[in-house]
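Below are structures written as structure tokens.
Next come two complexes, and both contain chain A; in the first it sits with chain B, in the second with chain C.
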Partner chain A sequence: MTDLLRLENLSVHLLANHSSIPVLQDINFSVKEGEILAVVGESGCGKSLTSLALTRLLPEKVFSYHSGKILFQNKNVLEFSETELYSLRGGEIAYIFQDPFTSLNPIKKIKDQIIEPYIIHISPNKKEAIEKAESLLAKVGITDIKDRMEAYPGQMSGGILQRISIAMSLMCNPKLLVADEPTSALDVTIQSQLVDLLMEIRRENKMSILFISHDIGLVSSISDRIIIMYAGQIVESGTVDSVMDTPLHPYTTALLGAIPTIGDFSHKRLDSIPGIVPAPIDFPKGCHFHARCTKAMDICKTKNPLITGRESQSVRCFLYEGEQTKNA
Partner chain B sequence: MLEIQNLSTHFHINSTKLFQKLTLKAVENVSFTVASNRVVGLVGESGCGKSTLGKTILGLTKSTEGKVLYEDKNLLTLSNREFLPYRKNLQIIFQDPYSSLNPRMTIFEILTEGLLHHKNISSSEARFLSIAMLEKVGMKSDILERYPHEFSGGQRQRIAIARTLILEPKFIVCDEVSSALDVSNQAQVINLLNDFKSSMGLSLLFISHDLKIVSYISDEIAIMYLGKIVEYGTKSEILNSPHHPYTFALFSSVYDIHNRKKKRYVVKGEIPGVVNKPKGCYFHTRCPIAKDICKTVDPPLKNMSDTHKVYCHFPGEIG
Partner chain C sequence: MIFLNPTTRRRLAKFQKNRRAYYSFLFILATYIISLFAPFIANDTPLLIKYKGSFYFPMLSFHSERVFGGNQDTEPNYKKLRKTENFSESSQNYIVFPVISYGYNENHLDDFTENEFPPTAPDGKHMLGTDDRGRDVFTRMFYGYRISMTFSIILIFFEVIIGVVIGGMQGYFAGYVDLTVQRLIEILSSIPFLFMILIMGSFFGRSFMILLITYAFFAWIGISYYMRGEFYKLRNAQFVEAAKAFGIPSHKIIFRHILPNAMTPLVTFLPFSLIGSISILSALDFLGYGIPAPNPSWGELIGQGRERLSAWWLIGFPSFALFSIIQLTSFVGEGLRDAFDAKEKNSLK
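Presenting the complex of A and B:
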């Protein structure tokens, strides 16, 4: 499989008070054609920033793309002109956001907002756009389509609105769908319905999905590969099976231990991680996780570990630095 | 220790039509008991009446009918003044620690407000108790003069827990206490509540939509759908042999790290509105095994065992 999207050493800085604070550091990953890549982490770890950085949606007055490359189909998005970006966003890369109540425009009819990407990116023919919208709404399981098209977002439930957002993101047959916590605001039975729907659409359209979530259980059930982020860095990545069955990074291990398993009657204590995720301005020297890590060594306080490992699983931790030389 | 009998809470809301009032039945005919030193988990999707039930039990929302028996007294018929002595024993912890702590009070004031009200103690004794309590919840004792905004969500929730536990209550309603927190902080809060349950002999009504957390902490589990409890039983009864199709669907929709390829069972359709609930069994519009009787007749209570109760015409036929 070829790489549809590849991030090479991407670093993004936040510009504030004449200083520049790194919020994303050395982000390296690729999304292959037709695969689902999951990005997981606690709030404030940089998941959503990464997703917005892909199409340069971060306001460039406040954020600077400090170094690295974002390669989409081997072209560097950081060198794109405004017009090229315009056709990328919503056209080849589409987004679904967490909260359908705020991501849809409350004062526009569904009809008018759902056809917008089609009119902009594909053809100004309104009739064609409406036909396409209706067929997509049917596919995402919306009933009474004619009525829904004339309604406003406030008249519908979260589950229905999120289905509409999914239909809207598919209007231009995107190659990559960025789903940023698409089911977190919804009830569990509705969540299951939408996850199944996304999987079905991916099979039919053969698109890639970058699935961002804090719910490790959910993403590990649907993804091919997974990335664990902590404080602006990728700490571990690899295939779902290897990361879930043999987590290497102390943060991954702790995160997995903090989630109870249904049907476990042993009453063993949950692992908890002392302290909190630091804000970007407080990112510590050395490994970002050392202050909360149970296995921290002296070197962790001063030097930031590099990513080591293989394609199937790699980790940013000094505990495994030796193994890299062995493998190499 | 706490017995809830046929409890209902209805709200009267304005309709779009002039002079017409609609009745929103938030909680309907709920009965269960919370034994001492037990955790009852209450699960259900948003809008099903979980929080209203929790508040009604403590008299914070006015009930329409039913009884809440505590020490052989019906709490719901007490006046505010008569209820006061019971408040110390019956407490609540809220979901959002950003809005449940008064931003203009210091941590000391927050921790001791209830204490000074309920117990006849001096300020220095209160300070001593506060420091001891903060240490128990894993916070430093030198934070007494600081304000809530200086703390993170997880720390605030621990302060909220300390404020409740300092009164040495017997029963606490925990209303989505870990939902606003990240996974790692969530585990701290759950461990903390579990520890206090054993050391202080607490009973909890643990309200949450997070099935993993509920099934971890609870001894008994109640499942609520559109204001009614549809199934109630011990943890192992609910987890190992769910008899209501909704319970089955809820637990089947959980994504589990250790069982990634499990076959899930997905119910169709949306949750109906709470004002215009379906006739008959409320779940029939989404139920895969619904028959004609479900559309018209309220499902009766069926006892599967002494502890396991189901409201369904065809219990156990799913799976």
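Presenting the complex of A and C:
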């Protein structure tokens, strides 16, 4: 399988008060064709920033793409012109957002919103667009399609709105779907339906999904590979099996320890990670995680570890320094 | 369409339920529509003339005095024409005047008796009396209403366009655009408006258009503040971010997604702009810097009344009309504000 999207040493800085603060540092990952890649981390780790950076949606007055490359089908997105960017957004890379209640315009009919990307990216034929929208709505499991098309977002439930958002993002047959916590605003029952729906759509359309979530349990059941982010850096990455079975980084271990297990009647308290993710301006010297890490050593406070490991699993931690080194 | 939106429908229903506001709105709308047909209701030009077997419609086409047996090329004075021998010799000739057969600039000095001088108090002939030049006060108020409402509506139209464009730009682009325009607005709003009217008037001559342009030049500032705030709020809304992520260009985002969502403060602001411009126009007319004479205006009538304090009808009727319109408009504004308020409260209670 070839790489659809590849980030090479991407660093993004936040420009504030004449200084620039690194919010994403040396992000390296690739999404292969037809693959689901999950990005996991606490709030404020830079997951959403990464997803927005892919199509340069971060406002360039405030953020600068400091170094690195974003290669989409081997073309560098950072060198794209305005027009190329517009056709990339929505056309090649589509997004699904966290909260379907706010990501749809409250005073426009579903019909007018859902066809908008199609009309802009594919053809201005309105009838064709409506037909396509109706067939997609049927595919995402919406009934009463004609009524729904004439309705406004405020008249529907979150589950239905998120299905509509998914249909909307599929209007232009994107190659990559970026799902930014698509289920965290919804009920657990609806969550599993939507995840199943996404899996089915991926199979049918043969597209890749970048699935962003803070729910490591959910992610482990659906994705092929997984990336753990902490404070603007990738701390561990690899195939789901190896990361879940043998978590290397202390942060990954801690995340896994915080998941409740069904059938565990020991009445033991769940583990939690003390402290919070530092704000970008307070990123510590050395390893970003050392202040909250149970296995921190002296070197962690002064030096930032490099990524070491193999293709199937790599980690950014001094505990594993000295093993075979590879940037992946 | 925006009107089919359930929220808009609920707001309309809420506005209709507030009967004081709703009936005030209907009253203002009805009187303004009637006043648009003022020439057919109060005019010294007849609706219809029958002369020597043929019909004439002097309101629609020009007929000189010669047509009716006179010897001038100008338009005849129809009231005198009716009394000429030539015209009254046959009972077949007749003239149909509008319901109120006075023009707004027609004086009735000829009808006055020996020791009667204008202004005259209300009587059977002139229901609200005559002004200092013997012109019918009701007719002048009627036309004055039409002029001040038309002025205000045109003004609000331009005010809204300029205010929305500039305020929206500031809010959407923010940063240096916002800072620069905001400083320019501060400079602009520190220019005294009355002096500007005087200067413009003495440069270009006083006229409806000059007044309109000068006033519109200042009046948009209030609206631009509101729009700036709304755009600031909405540019970070999730659905705007989503629209960007779908590759929708900026101008489409502004007009299709942000602007329709920013209409609420604009709509609630409109009645109060109307009040502002009606009263400012009356004030300017009162001072003599408004629409030039002999155009009819409420302010001008009140101004006449100030010089003749015994002529109570010159002060009383126009002041009452001005007061009522302002009061009714503010009822409408209040009703709109309540209708757009998500909270279930009613200022009547």
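As a working rule, the second predicted complex is superposed on the first by the 322 of 328 C-alpha atoms of A that agree within 3 Å, B and C clash if a C-alpha of one lies under 4 Å from a C-alpha of the other, contacts with A are read in each partner's own complex, and residues count from 1 in each chain.
What we mean here is this: a residue touches a chain if its C-beta (ideal position, glycine included) is under 8 Å from a C-beta of that chain, and two chains touch if they have at least 3 such contacts.
Note that this is a predicted model, so its numbers are computed, not measured.
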{"item": "Clash or fit (per the criteria above) of chain B with chain C on chain A", "value": "fit"}
{"item": "Partner chain in contact with A:I259 - chain B first, chain C second, else both or neither", "value": "first"}
{"item": "Contacts of A:G159 with chain B and chain C, given as first, second, both or neither", "value": "first"}
{"item": "Centroid geometry (CA): angle chain B/chain A/chain C, rounded to a multiple of 10 degrees", "value": "80"}
{"item": "Broader residue contact with chain A after superposition on the shared chain, chain B or chain C", "value": "B"}
{"item": "Touched partner set for A:E116, first chain B, second chain C, both or neither", "value": "second"}
{"item": "Chain B versus chain C as contact partner of A:Q191, first or second or both or neither", "value": "first"}
{"item": "Partner chain(s) touched by A:Y95 [first = chain B, second = chain C, both, neither]", "value": "second"}
{"item": "Partner chain in contact with A:I107 - chain B first, chain C second, else both or neither", "value": "second"}
{"item": "Three-chain overlay, closest Cα atoms of chain B and chain C, distance in Å", "value": "9"}
{"item": "Contacting residues of chain A [partner chain C, same complex]", "value": "52, 55, 57, 61, 85-91, 94-95, 97, 99, 102-108, 116-117, 120-121, 152, 154-155, 168-169"}
{"item": "Chain B partner contacts - residues on chain A that touch it in the complex", "value": "42-43, 157, 159-160, 187-193, 196, 214-218, 220-221, 240, 244, 254-265, 269-274, 276-277"}
{"item": "Residues on chain B engaged by chain A in the complex (per definition of touch)", "value": "45-46, 152, 154-155, 182-188, 190-191, 194, 209, 211-213, 215-216, 235-236, 239-240, 249-258, 260-262, 264, 266-268, 270-271, 286"}
{"item": "Chain A contact footprint on chain C (complex, rising order)", "value": "2, 5-8, 175, 237-239, 241-249, 252, 256-257, 260-261"}
